[in-house]
Each structure stands twice: as structure tokens, then as C-alpha cells.
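Both of the next two complexes hold chain A, though its partner changes from chain B to chain C.
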Partner chain A sequence: MVAPELTLAAPGPSGARGPRARFAHTGIVLAAGWLALLTISALAAIAGAGADPLANDYEAINEPPSLAHLFGTDSLGRDIFSRSMHGAAASGLVALLTVVLGGGVGILIGVLAGLVRGAVEAFVGFVTDVTIALPSLIIVSAVVTLAGPSILTIGLIISAFTIPLFARLARAVTLSIATENHVLVARTLGASGWRILTREVLPAVLPLMMPVLMTTVAGAIVAEGALSFLGFGLRPPEPSWGALIAQGRAELSTASWLTLFPALMICITILSVNVLGEHFREASR
Partner chain B sequence: MTAFPATESTAPDLSAPILSVRELTTTIHTRGDARAVVENVSFDLVRGRSLAVVGESGAGKSMLIRSLLGVHAPGVDARVRGSARVMGVDMATADAFERRRVLRESIGMIHQDPLRSLNPTYRVGTQLTESRAFGNQRPSRRSLHRRAIEAMAAVGFRDPVREARLLPHELSGGQRQRIGIAAATLNEPALLIGDEPTTALDVTVQKRVLDLIDEMRERTGAALLLVTHDLAVAAERCDDLIVMRAGSVVEAGPTLQLLTAPEHPYTRALIDAIPRLDGPRTRRLCTPTEGNLS
Partner chain C sequence: MIRAGLPRLLRAIGVLLVIAALTCQLAFLMPGDPALILLGPESTDAQRAELRHTLGLDRGFFPRFLDWMGGVLIGDWGTSFASGRPVLGEILERLPVTVELVLLSQLLALALIIPLALGSARRVNGVFDRVVSTATFVALAIPSFVVGVLLIFVFAVHLGWLPATGYVPFSEHPLENLRRMVLPALTLGIAEAAVYTRALRGAAIEAVRSQFAYATMVRGASDRALLWRRILRPSSPSLVAMLGITVATALGGSLLVEQLFALPGLGRLTVGALGARDLPVIQGVVFFAAIVVVVAGIITDIALALIDRRSIRGRS
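What follows is the complex of A and B.
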């Protein structure tokens, strides 16, 4: 009897990546780089760097992109690059509120519901079901109309609507993690509920929530842009990406840069956030 | 009239049971249904003795352990009657704070699946220090780390400083279970509970792990409550035996007596089910010429 030959594929050199992995890695670097650059630029703009986004310059009306005005100027001679950076700050605030309020509160509520179970879980389930069923865009528009258009109001109301989404997902993940052996072991060692929450459950839940967090942040930025575009966001002359696109719409055929650059900023930012979200999803598998 | 001289009243009574279980009954409630999974179980376990709980899968062995610890899976509506006193504290009626104190100070538990018992995201050294960082008395991080390293050395790790930095998946099954033993014995508990601690291990590693548990017990004088479906392990390692079936104790007594002269048919069936090398073969092995090896 002859033993069958078994041929094993030779392992590649240590650390070698396939073309797909290399492409993905480049994408992650570019996405993270873009978001870092945007954050620094927006912070610098808020700190006063660059041109005043509200200053009119009647000698530079509707100028196309140049070295003096990288993204060109609008019909009042305002610098579109500076206005876009201030718009990035507005979008960044909405994203931050979504992470802190929507993600933070939502995940905490969901994890507590999944751990405590019983009446708490039933109550959280009922509230999330009701909230998800509400027509969010109409309510956001109404609240902004009543409370007045400020980026804080818009950010708070958008992020409040993401709380049920996070709560529901975090609860489902917690139900699975809470039954895992290492959590039971911690309980048999005498760990308190707080310690189980902070050391055993939350560290396991958070990586699984990261892809959803990134997708929701992208959605919140788009929602802010859409609200501003529809006129429910920041009022002119305050800059936001959606408002810039809306203002440039009337002059799309003569001064396309008024719409093009803010739209590109939204597209690249959303793409970057989604690329990072996909990376987190892959990493958490 | 007192049972003991006055001079002995402050010394611990070594004959007093560390674990005393009386008519423990656990009922699992589901929607419109209630089922007793542990029924009227009573036994005592004193310092230095070892007691095995044996029975087939589903006999209620693990549920017995969970009931006497007061730790059930989340979402399980388990209602416990009777009493389970650990060092005098009734775990069935104690408040959560007192129960956690007893779990921290008096009980060490070795679990079945060494991989799943360890948190996959923390290094094993961290998990050992974490395991004793609960409660009000919090030793310094440095002293906890030193104790964790000592505990790892005590269970046979050759380079505990380096190995403490490894993640659970980087250890073998036997090493992981040794970490489990180190965690369980770090506080030198009076009661050591093993819930099928060697089921997931091969026979050679199983022997080393059981030897290690015996060594730790000899050093600390802890009592051992060993849950196993392996009658051979129970026979070799434990002084007393409880045989469980469908949540109830069908027979109990000293191991040697129970294995040599079993009274209950179920105990006899369990003993008869142990595979023997010198026993009759129930299945004829095929020879190479009969099979399809060519």
C-alpha cells in the first residue's frame, strides 16, 4: 500500500498581503488620512485660520478656483474653501453628537436592557419600537422650525433618533455575550454587576457596534446636509455643506464650483466613514 | 453545657461542614411550565474531604452547582428552595452583596471549557489579577501581579512572567485549564468546585490537571466538590460519591463502598458502562483484508 502524497501549499513570505488586502489597506489609510485632514482643517478654520467665511469681497464675485481661492468664490465674493471648512465643522459636530449621544446613550441602554432583562428589557424594547416607527424627518423639521435653526439643535435631534437603533442592536449583542462562559466565570468569582458590565460585556459589545456607529455617523452627516438643503438647517449666511449646495444650485450652469466642492466634500467624507466602518466590521468578525 | 471547651471556642471548628446542602430543590419556570431540575438534594462536605457528583448528561449535576452558588444563566427563571450553606452563609437566601463576598473569599471554581472560560480579549495574567481584584479589599496592582505570577508558577508554568502576557488562544488546552486552576486557588478558598474540569482534555493532560488539583488541595486543605460524568475519575480522586439521576440523588456514600457494592440499579448500570481493557468486546475489529484498505 502506498501512502498518498500530500502536498501543502508553500506559505507566502511573512507579512505578505494579496492584492485585495493591499487595496483595502490603502483604502483605510486614505480614509483615515482624509478624516484626520478634515478634522484639523475644520478646527483650524474655527480657530480663525484662513479667510472669513462671512466676509463679502465684491471684487471677487463668482471667481472660479484659483491659488487665491482654492474652491472659488460665490456671488458675494465669499471664499468657498473657507465656507466648506466651516461646513465641515458643522458636520463634525453632528457626527460627534451622534457618537456621544446616539452611540453612548443608546449602547448603554441596550447593554443594560440585555443584562438586567425582565421589565427593563420589555420597557426599552417598547420605547425603541415606538421611536423607530416615528417619522423622524418630519419631527426633526418641526423641532428645528420651533426651536430655531442651530447646529446644536439639529445635531441633538438627529442623534436622539439614533439612540433606539443603537439600543436595539446593543441589546441583541448583549443577550449573546451575557451567556458566554467568561461572563459566568466572572459571576462565580464574585464580580459585581458594574464590573461585569464594564470589564466583561462592554469591551465585547463595543467592537461589534463600531461598524454600525460609522454607518450611522455617515447617515447623520447626510441627514444634516439634506435638512440644510431643504431649508430646515442653518440659515444663510451660516455655512454648512447642505446649505452651500442649496445656495449654489441656482448657479449650477454658470458657477458649478459652488455646488461641486461641497458635494465632493460630503461624498469623500461619507465614503471614508463607510470604508472605516467596513474595516471595523471585518476586524470584528 | 457546651459541646466544646471554652478555650476552643475561638478556633475554627474543622469538623463543621464547609458546604451543607439541605433539601435543595431548583425549579425552572418557563411560560406556563415549571420543571424541577434538582430535587431534594442534601449532603455535607467538610474541610479536606472530596465529594464527587456523578451521573449522565442532563442528570442535574451542573444545575446543582449553579443552584448552590446562586449563579444562573441570564434570562433563566430558576427558583431555589431549601438551603445551601457555604461557611455558614445560606447562598439561597443571602443578599447579592453577601453572596458575592462568599464567592470571592470562600469558593474557587474550575470550569469545564478552559478556552471559553477565559475572556478572549484579556491577557491571562490580567485575568488572574482581575479574578481577585473584586470587592472592597483591593490589593495594589503590583501585589496582585506578583501573586498572579506566583500562582502561575505554582501550577507549572516555567516562564510565568512571559506567559502571563499571552492571550488565551495562544495557550494549549492544558495550559488554559492550569490558568483556570490558578484563578480558582489564588485566594486559597475553603471550597474548590470543579464542574467537569477535565472533560475537554485528553487523558494525559487530564491526569496532570487532576494531580495539580490534588496538590493545591493538599497545600490549602480545601474541600473539593467535583462534578463529573467520568466514574473512573470520581473513583480515583474522591472520598465520597453522590449519584444523580433526573435531578435527584439515587445513591450516596463512601466511594469505595458505593463502587464495590452498589445498591441502586442505576449506579450498577453506570459502573457496568465503564469501558474495560480486559472486558468482552462488543464490536469485532475488522482486519485489513476485510476492509477496503488496498
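What follows is the complex of A and C.
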């Protein structure tokens, strides 16, 4: 039965009170902790700590996880833990570029379009339409294959695709914020356009963009994984989560750790990013 | 409706023209001389000049673009390097497989989510709602290629219930065809189901709280009538809008799923063409996919206008 008390439950489905709030809090700490740990390990890995991800150890072929090789080794005796950490670095770079380039440029363009209106707005709208009509995975694969795969190309093209997404949302948010009293007051007091942008509009827009930023970062990490999984990403010996999963797939029944650990890494990472995104979404309500 | 639709249509044509123009520039993404890269260093100058001519690289942008566009309009999309066959023929030949895959995945997703989302909305924050919310939240975090690998491992390798790869045309053996399409469709559908469930749950909760639902409840309508008429119907626009958006995602997803399950569809054609740097096919597939996405967007808008006439005014 649909209980009538539903009509009274106005504060929203979040119910951020009692044991659930504590549960959500633990989730955020765990998610942030995982991402921090991953960042440190990935940085340590590219700085040269741990095993060489490309070194073959023919004494240890297809070894199950042990203390010497935490995630086991593959058919060429390469350390899966070290390869996973280097894969994390590749994913991290893509995520970073998405935040800085996609988020930074996209939000700025969107806010400008929302404030300036007119031709700028129409142009941004059209470019957004074009980008959304493009099947992104196909285009990204095409560009990366034709231009030659490097982690920078991959990161740049994936994050470029997110610019219009941010621009569109930032524009919509700006339109409503621009009519708010504090902006009107600033305008009336004769504040410069720059001041209104940096002091009044951006601080109000940014918190609202955080959930989208998180969703998009998760999407970018998945896109890089998909690209490498298809074999269009980094060239084979270079480790990437998607490529590790694709390589281990053939030996799933005999050496499941080859696939399972990289797959777990990508899933837990996406989950953590999503948990943070959900937190920002609740917070911005 | 026509007055509202015309600018939308013109805009769609503009979008397609820009995408067509961009695909004509794809060759220049390659570092260096495209002809040299495609033919290799052993090729003669004459061979390279001939390739440049067939690709139209020896002409300026506008002649090349107009030439290709003119061909596209009369059904001549160029010739594949790899197979020597017309590009449009290759695309249309593979299309049914992808269409079946996408349709099945959407059907599976819808069959899964409507009960889940409505069940959640019935008692917000109840046990069922929390289980569904958590499950969809976790499902959202699993990329489709991981889902596919896991499904193959469990159902094909471990249990041996379903074949992992291979395709049988529906016209030859309908049952065998469906048996082989279950896992690919599930792979594509699960991620979408998670997104849909969250969207539909939100819309349904809003509908549950509305005055018309309350009025129906007060009048003593049955639960079922309430759910279907007063809740599913007003929630459906958000569902239709989602369906329109996921067509684009599904095309990208078909790349992964068809590769994973060895289905001879559009995604496999794309992956093959990319691997072989078969420029005419890449160009054709990109443009074809863009048409599909744009048309899906228009159909979504028409469907939304039919469900709720207010949506016509809201769009430009």
C-alpha cells in the first residue's frame, strides 16, 4: 500500500539522519581513503617504487597472489600489482585532465555563455549539440588510432569531449544564479563584470557542478578502460586497467587473478568517485 | 507542432553537416602524410598519388566535402579499402545485428527496471528501496566490459549454460539466435538499467507525492490502478528522454559488446576498420552513427510532445 505519510516526507529521499547518516559518512571516508591510497601508490609506482611493470620473471610465471607478488604474475612473469598501479597512474592522468581541462574550460565557457548570452550562448549551444550527436567512444577510438596512441592524446581527447557537457550545465546553472539577489545587488553597486564573475557567480556555480564533475570523471576513467580494452589505448606492453582485463580474459578459468584484480581496482575506484559525487549532490541540495 | 519542430529540424541538419565536414578531415589526424602511413614506406610515388586522389586529399576542403556529401546523398558512401566493397552496403549488412542487440538490451532493461523503480517508490527508504538503491549504485560502478567478462565467465565458462561467442541469424534459427544474444544484451542492458532505475524512481516518487495521486488514493483506487495510471504515466517522459539519450551510449557500447561476444554487427565493423585504418569505412560509420543519434533525438522529442504537449513550448 502507498502510505499517505509519503506526502509528508518532504525533506527528500535522502533521509540524512540517524544511523543512515553515519553509514553514509563511513562511505565517504572509505571512498576518499581509497582514492588517496590509490593516488599515493600510483605516484610511488611511477617514481620507481616496487617491481618493474614491464620486467619478465620467467621463474615466476602465472603465479597466484602471494606476499612476493600481491596480485600474482601473468604468463610472462610480470607483476600484476605493479602493472595495476601503473594502470592507476594512466587512469589518474585521464581523470586529472578531465577535471582541469574538461571541467575548467567547460565551466568557464558555460558561465560566460550564461552571463553574456547572445551569440556566445548560441555558439556554445550548437557546439554542444554537435558533440552530443557524436558517438564519443567511436570518435575517441578513431582519433586515438589515427593520431597515434599516447596517454596524453587519450586524456586530451576524452576530456575534450566533456567540455560541452560542463558548458551546457554550467550555462543552465548560471542563468538561474544570475537572477539571484546577491548578483543583482553587486551589479547595482557597480561591480565590474570580472568581479561579478569571480566573486558572485563562480562561487555559487562551482558547488553545483561538483556532482557532475564526479560523474564525468568516473565516465572518463571507464572510457579510458574501454579504449584500452578494445586495444586502441596504450600500446600493449604499457599497463592500463582495460588492457590488463582484456589480456587476462583468455586465462580467466586458470589464472583468474589476472583479470579479477584490475577489474576490482576499476570498480572500486568508480564506486568511490560515485560515492563522493553522491555526497556532493546531497550537500548541494 | 510544425512551427516548433522546424527550427529543431534545421538545427539537426546543421549538426549533421558539421559532423560530415569533420569526418572529411579525419585523414589529417594522422601524423605526417596519410598516404605514406596507409601504404607503408615501400609504396611508390604513383601509388601514393593515386590514394591521395581516391581520398580526395589532393583537392581542397570544399571540393572534397561537397564531393563526399553529394555521394552520401545518392547512396555512394565510398569504397572500403579492406574489402573493396561499398561502405554503405557494409554498414547496412551489419546493421540488423546491432539493432537486435540494442533493442533486446533496452527491452531487458525496461522489464527489469519498471518493477524495481515502482517498488522502490512505493515505500521510499523502505527495505526494498534501500536494497534496490544500493544495488543500482554498485551496478553503476561496473564498466560494461567488466560485466561482459564476468557474465561470460559465469554463464559460458563456469556453468556452460550459454555459448560465449558466435552469431546465428534470426531468420535461420530464431531460438539459437536468442540464446546467443542473451548475454550480449544483458551486458549492454545492465548498466543502462541502473541509470534508468534511478531516473524512474525519482520521477515516480515525485508522482507519488503529487496531489492527483493523493486524490486517487483518497477515492479508494486499487494500488495497481494507482501505480500504473497515476504514477507510471506521469513518470514516463523522463524514461522516454533517457531512452533517447542511451541510443548514443548503446552505439558506443556495441563496440565493446560485439567485440567481446564476436557478433558481426556495426561495432565489430568499426573496430575492424579502425584496426585496418580503413578511412572510408571509419568516415561512413561515424557519419552513420551521427545520423542515428540525431534522428533518435528528434523521435524522442516527438514522443515527448505526444505524451505531454507542454514539452513543445519548453524547447527551442
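The working rule: the second predicted complex is superposed on the first by the 268 of 285 C-alpha atoms of A that agree within 3 Å, B and C clash if a C-alpha of one lies under 4 Å from a C-alpha of the other, contacts with A are read in each partner's own complex, and residues count from 1 in each chain.
Note that in this section a residue touches a chain if its C-beta (ideal position, glycine included) is under 8 Å from a C-beta of that chain, and two chains touch if they have at least 3 such contacts.
Only a predicted model underlies this, so the values are computations on that prediction, with no experimental measurement involved.
Trainee: On the A-aligned overlay, A:Val130 touches which partner chain: chain B = first, chain C = second, or both, or neither?
Mentor: The second partner, chain C, only.
Trainee: Scan A:Leu184 for contacts with chain B and chain C and give back first, second, both or neither.
Mentor: Touch status of A:Leu184: first partner only.
Trainee: Touching A:Ala142 in the superposition: chain B (first), chain C (second), both, neither?
Mentor: second
Trainee: With both structures superposed, pick whichever of chain B and chain C touches the larger number of chain A residues.
Mentor: It is C that touches the greater number of chain A residues.
Trainee: Is A:Ala226 contacted by the first partner chain B, the second partner chain C, both or neither?
Mentor: Touch partner of A:Ala226: chain C, not chain B.
Trainee: Is A:Ala55 touching the first partner chain B, the second partner chain C, both, or neither of them?
Mentor: neither
Trainee: In the superposed arrangement, does A:Leu115 touch chain B (first), chain C (second), both or neither?
Mentor: A:Leu115 sits against chain B, while chain C stays out of touch.
Trainee: Looking at the overlay, does A:Arg199 come into contact with chain B only (first), chain C only (second), both, or neither?
Mentor: A:Arg199: touches chain B, not chain C.
Trainee: What is the shared patch of chain A, the residues that chain B and chain C both contact?
Mentor: Touching chain B in the first complex and chain C in the second, residues 1 of chain A appear in both lists.
Trainee: Show me the residue ranges of chain B that touch chain A in the complex, using the header's touch definition.
Mentor: 69, 71, 73-75, 99-105, 107, 109, 111, 113, 116-121, 130-131, 134-135, 183, 293-294
Trainee: Once bound in the complex, which stretches of chain A touch chain C?
Mentor: Touch residues, chain A against chain C: 1-4, 6-7, 9, 13, 15, 126, 129-130, 132-139, 141-143, 145-148, 218, 222, 225-226, 229-232, 242, 245-246, 249, 252-253, 256, 259, 263, 266-268, 270-271, 274, 278.
Trainee: Where on chain C is chain A touching in the complex?
Mentor: Chain C residues touching chain A: 11, 14-16, 18-19, 26-27, 29-31, 122-125, 129, 137-138, 140-146, 149-150, 152-153, 157-158, 202, 205, 208-209, 213-214, 217, 223, 226-227, 248, 251-253, 255-256, 259, 270-271, 274-275, 277, 282, 285-286, 289-290, 293-294, 297.
Trainee: Residue numbers of chain A touching chain B in their complex, please.
Mentor: Its residues touching chain B are 1, 115, 117, 175, 178-182, 184-192, 195, 199-200, 203-204.
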